[in-house]
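What follows is chain A paired twice: with chain B in the first complex and chain C in the second.
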Partner chain A sequence: MINEALLEIDHLGVTLPVDGRPRPILRDVSLRLNAHDALAIVGESGSGKSMTARAIMRLLPEGATTSGVVRFQGHDVATLSGPSLREYHTRGIGVVFQDPRAHINPVRTIGDYLTEVLTTNLGLSQASANARVLDLLAQVGIPNAQRRLRQYPHQLSGGLLQRVMIAAALAPEPQLLIADEPTTALDVTTQADVVAVLNEQRQERQMALIFITHDLDLAAAICDRTAVMYAGTVVEEQRSTELHEHPLHPYTAALLNSRPRLEGVDTLTPIQGQPLPAWEAPEGCAFAGRCEFANDLCRASRPDLVGPPERLSACLRTVELCETLTLAVSEA
Partner chain B sequence: MTSGLAQPNSVPVRAQGSRARRRALRPGWVETICLTVILGLVVVVVFGPLLAPYSPNAIDAFAISAPPSATHLLGTDDVGRDLLSRLIIGARPTLLGATLIIAMSATAGTILALIAAWFGGGVDWVVSRNLNLLFAFPGLLLAILATAVFGAGLTGPVIALSLAYTPYFGRVVRSAALRERRMAYVDAASVQGVSSTRIALRHILPNVGGLIVVQASVNFGYVVIDLAAVSFLGLGVQPPTADWGEMISEGQQAILSGTPYEVIWAGAAILITVLAVTVLGNRLASRWGYER
Partner chain C sequence: MSPPIVSVNQLRKVYSVRSGLGKRVDMVAVDGVSFDLAPGGSLGIVGESGSGKTTIARILVGLERATSGQITIAGHRHTEGRVGDRERRRRGQAIQIVFQDPFTSLDPRQSVAGALDEALRIKGGSTPVSRRARMAQLLSQVGLDQAFERAHPRALSGGQRQRVAIARALAVEPSVLVLDEPTSALDVSIQAQVLELLIAIRRETGIAYLFISHDLAVVRHVTDRVLVMREGKVVEEGSTADVLHAPKQPYTQLLLDSIPRSGWTPKRQPEEVSGATQRALSSSRP
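For the complex of A and B:
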């Protein structure tokens, strides 16, 4: 069981210099992902979701120091270099970023962008790379693929460009796809299509997926498991359906309750206060300042992410609050 | 470009923007003149011997220091050589030398800039300091020094000026490449598994290519002048080989005797060349959005 993990993040901490001083951005993040699993990472802006993804990709900003390990198929990702790092980046992981327009070189054609890695790293001929890419473009729902290959990024709409980036991520057939808020930069009508394509491709290819989003419902729709992050750490991790019905952490419950709804209420229930960056988190539980259930113990000691498998929560009062939170979510 | 209207299956907006874009790409009259002059110069350099009415060194003993006439359209110099022929043939060392210098300094400067931008930190520091050091050294002095080593002729000045112009490319390209280096697409490419060298050459370089072209055309003017100055000092192309700078040098005594034609024609040729290339460079710079 232990050896089956495709990706294993073990007590990952990341420190970045902010205003010249080292500031913790992530603390004690632990996640594991088996082959073919889909895990959603949910949280507010600045909660550390993207930083976690960047740590997995080996794409941390300059000056970052890390503690803990990220293991991919048992290999410490931090020790990869040269060919093994390129191998990891092609066969290991594929990445779909948030803003396709910023993440695709504007002066090169779509064809160049899609086939580059296939011809240089996987040793395919230009012709077979083209064939594979044309096939992929059709699969992600891009018509006129042949013509698209000669076009430049500015000639494509955001939705199409995001599909192109998905195709590029899938092209080397990676084992893990990381999608970092892939639909945030798109308008609402194209969002659904792009998510559908992503989901379909992942299931067809039996790929593992890490889906980063701030949309709890989207997370549940795509991923079996959801991890909720707050102030640079994971506060809860559960099966997505369970998380929606029986949240274990007050923060998750509050997030669920603050979603806009179609019927009934016309006012939102916001979480009081402001989200904190990890370095401003107090001694105790990072959420204690905004939590309606916090007591003195919560403010004094930081809880670990504990619990039975797939029912992990970083809250000292999980057991006693369990029913209250379930009730709170079902009432709203 | 908004994606608001774009359905996933729709053809992206193309037709609507294309007329405006074509109009923006059409050269204005200034660009047309500059391009015509440059094209003319290329023709002169390539087909020089066919265009020149006489051999550049042929002496017409009956027309010494002659003013422009039907037999010698631009007149002759103080030994009776046809000035038009010398001007046409003299374009070669001047313009080819300048082109060679620009090509070498652009290549060297760009390579250094990409290395500095890619590795950053200590490497960047060392490269930048060395470029500054070169900057502080006057190019002409370097060229004179080089002739001391290589002897008179084009070799010394070309090597020296290539070296002297390297920082002009290096500095500008480095700052542009540093900016590109931080772009999201560079991160995305490296996560795709594209190697560093490839990212530098195939991704960053094309994005700073326009800047290199602009920088090359602007510097070309200065190089032509510097080369002419070296020849004027008698350190570059040696008589009797025709060269614009050398023509100015040779023609200066003739000014006193009332026949300034050699200096005028050679000076005008340098002026027009430099003007055409520099103006075009500035136009390209503002058109491509590189404010200078």
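For the complex of A and C:
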């Protein structure tokens, strides 16, 4: 089929029970990713960016109820089970989490961790799994790979261990890699290094990437498109360069102007108030309470994510504000 | 020129750690660091994990003891050996600290009023009435409504907690505030609020800051001088503007080049650099 999306998320909602009452975490998330696309999902705490990733991975917490649909190559991922789910979790998607120490078994060697998926799920012999893993470690820039395979996670630095997790995610050659804040716990020089590895591997393998981060600049550096989330919804989605120069949503513009920067004006423009989780969001636009442009209509009705392709915004005043917002980010 | 409010000379801290084989080995966390902080000035100490920046902060406020070196704060030279209660109290009035994680630095059982009242009582020379007045003043100084007085930390967001921690540190009217990564745990929009608050407080009170951070962009906004540290040593020192715009050391340049910004593409580090950083990392994890 022509133009078939690799991943399609349609009006996804996720609700978790808290103290017996349902609490919405995601309200309305729609995203689309073609093969080889790189999409960044950017947001602050509680925006739902990690929950979106978990919904794609079919790793939602116990008791979660969902609405909407997540399709991978046209198949509803909610209907996968047994072998098809295992296939999805190996050749379909690979995952890199923020804290490798929390996701790599501390009492097993790096070699065991890396070869397990290849021998148990893909049916490789131990010898060919070892060979593939040595090759992978070289590709992600880990020297002395032979020795590393015999070591345990505590013997590796955070940066090296994160590269091990990237190697593990790449091992079954997935079509989509989901990286959830993979460098947030790392030093800045190590971050640059790990992100460079991710970027190279994505391009060489022609793999699709979803990169979750709170850093708009990091997002733009490696992803063609950026989606900004707030209170469990996508509020803007554009090409990353456009988003930085011509933001369509007041939240994006405000977030851009509250970043500390190395150049330009040396005053910061904070956003008043604090980010809201979806369950605390009011009736109308969730950002209205912090938005300098909000009017009565904004507070009364919730805007949908609309616009021409690659220029999507969930703001009732997008059209009249776009010049103001462009000016606001160019002055800062 | 008035004498520095903080003067540190040849500070050294050596930890004895057990190596894999049970042998004790020395790990030098801070290696001959000297600097001055002018009254009302703001000095940034920047470095990656294992650079020794937090160890310096902890030594200055008395949470760690230096192996050697001289520290003078507000005209008082720190003596070696055990520190008595009176001396500790006197130092506490000169220098205070705000920690990175507002989720662990406040007592969960103590209300905001309780935390502030305790700090004010330690300062001494106050009555319940004068303390209440001062408490109201502190809360407004950090931009919190009076209603927060009765709140406990669990009811507060990260940014609000950090404001309480700042108010508590300001309660004794110290001449120096050590800020150890005070905004690293906060969201971007909240980080900007707290940084702007810190800038305003220094402008209004003339307090001096020692600002510990891994983030050069943050340091640019809140400091006028900066030390760049690596593996316990000072690599570069100068006015913040000079260091950021015309760095003299390759390591400073590397740090700057690693920060994502418009038009930036990530590059793999040369082997030598990542090797050294990695050694520093593994040695900082005993």
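Rule of thumb we're sticking to: the second predicted complex is superposed on the first by the 324 of 332 C-alpha atoms of A that agree within 3 Å, B and C clash if a C-alpha of one lies under 4 Å from a C-alpha of the other, contacts with A are read in each partner's own complex, and residues count from 1 in each chain.
Just so it is clear, a residue touches a chain if its C-beta (ideal position, glycine included) is under 8 Å from a C-beta of that chain, and two chains touch if they have at least 3 such contacts.
Here the structure is a predicted model, which means the values were calculated and not measured.
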| query | Which of the two partners, first being chain B and second being chain C, lies in contact with A:Glu44: first, second, both, or neither? | reply | second
| query | Thinking of the overlay built on chain A, is A:His244 touched by chain B (first), by chain C (second), by both, or by neither? | reply | second
| task | With the two complexes superposed on chain A, say which partner A:Ile212 touches: chain B (first), chain C (second), both, or neither. | result | neither
| field | First, second, both or neither for A:Pro275, with chain B first and chain C second | value | second
| said: For A:Arg261, using the defined touch cut-off, is the partner it touches chain B, chain C, both, or neither? Pick first, second, both or neither. | reply: second
| task | In the overlay, answer first, second, both or neither for which of chain B and chain C A:Gly159 touches. | result | both
| Of the partners chain B and chain C, which touch A:Thr190 in the superposed model: first, second, both, neither? | both
| request: Give one of first, second, both or neither to describe whether A:Gly141 is in contact with chain B, with chain C, with both, or with none. | output: both
| said: Tell me the contact category for A:Ile222 with respect to chain B and chain C: first, second, both or neither. | reply: second
| task | Using the superposition on A, tell me which residues of chain A are in contact with chain B and, in the other complex, with chain C. | result | 141, 143, 155, 157-160, 187, 189-190, 193
| note | Seen from chain B, its contact residues with chain A in the complex are 1, 3-4, 6-12, 14, 120, 183-185, 187-195, 198, 202-203, 206-207, 209
| In their shared complex, at which residues does chain A touch chain B? | 57-59, 62, 86-90, 93, 95, 97, 99, 102-108, 116-117, 120-121, 141, 143-144, 151, 154-160, 163, 165, 168-169, 172, 186-187, 189-190, 193
| said: Please output the residues of chain A touching chain C within their complex, sorted ascending. | reply: 44-45, 141, 143, 155, 157-160, 187-193, 195-197, 199-200, 214-215, 217-218, 220-222, 244, 254-255, 258-263, 266-272, 274-275
| field | Residue ranges of chain C in contact with chain A within the complex | value | 48-49, 157, 159-160, 187-193, 195-196, 214-218, 220-221, 244, 254-262, 264-269, 271, 273-274, 277-278, 281-282
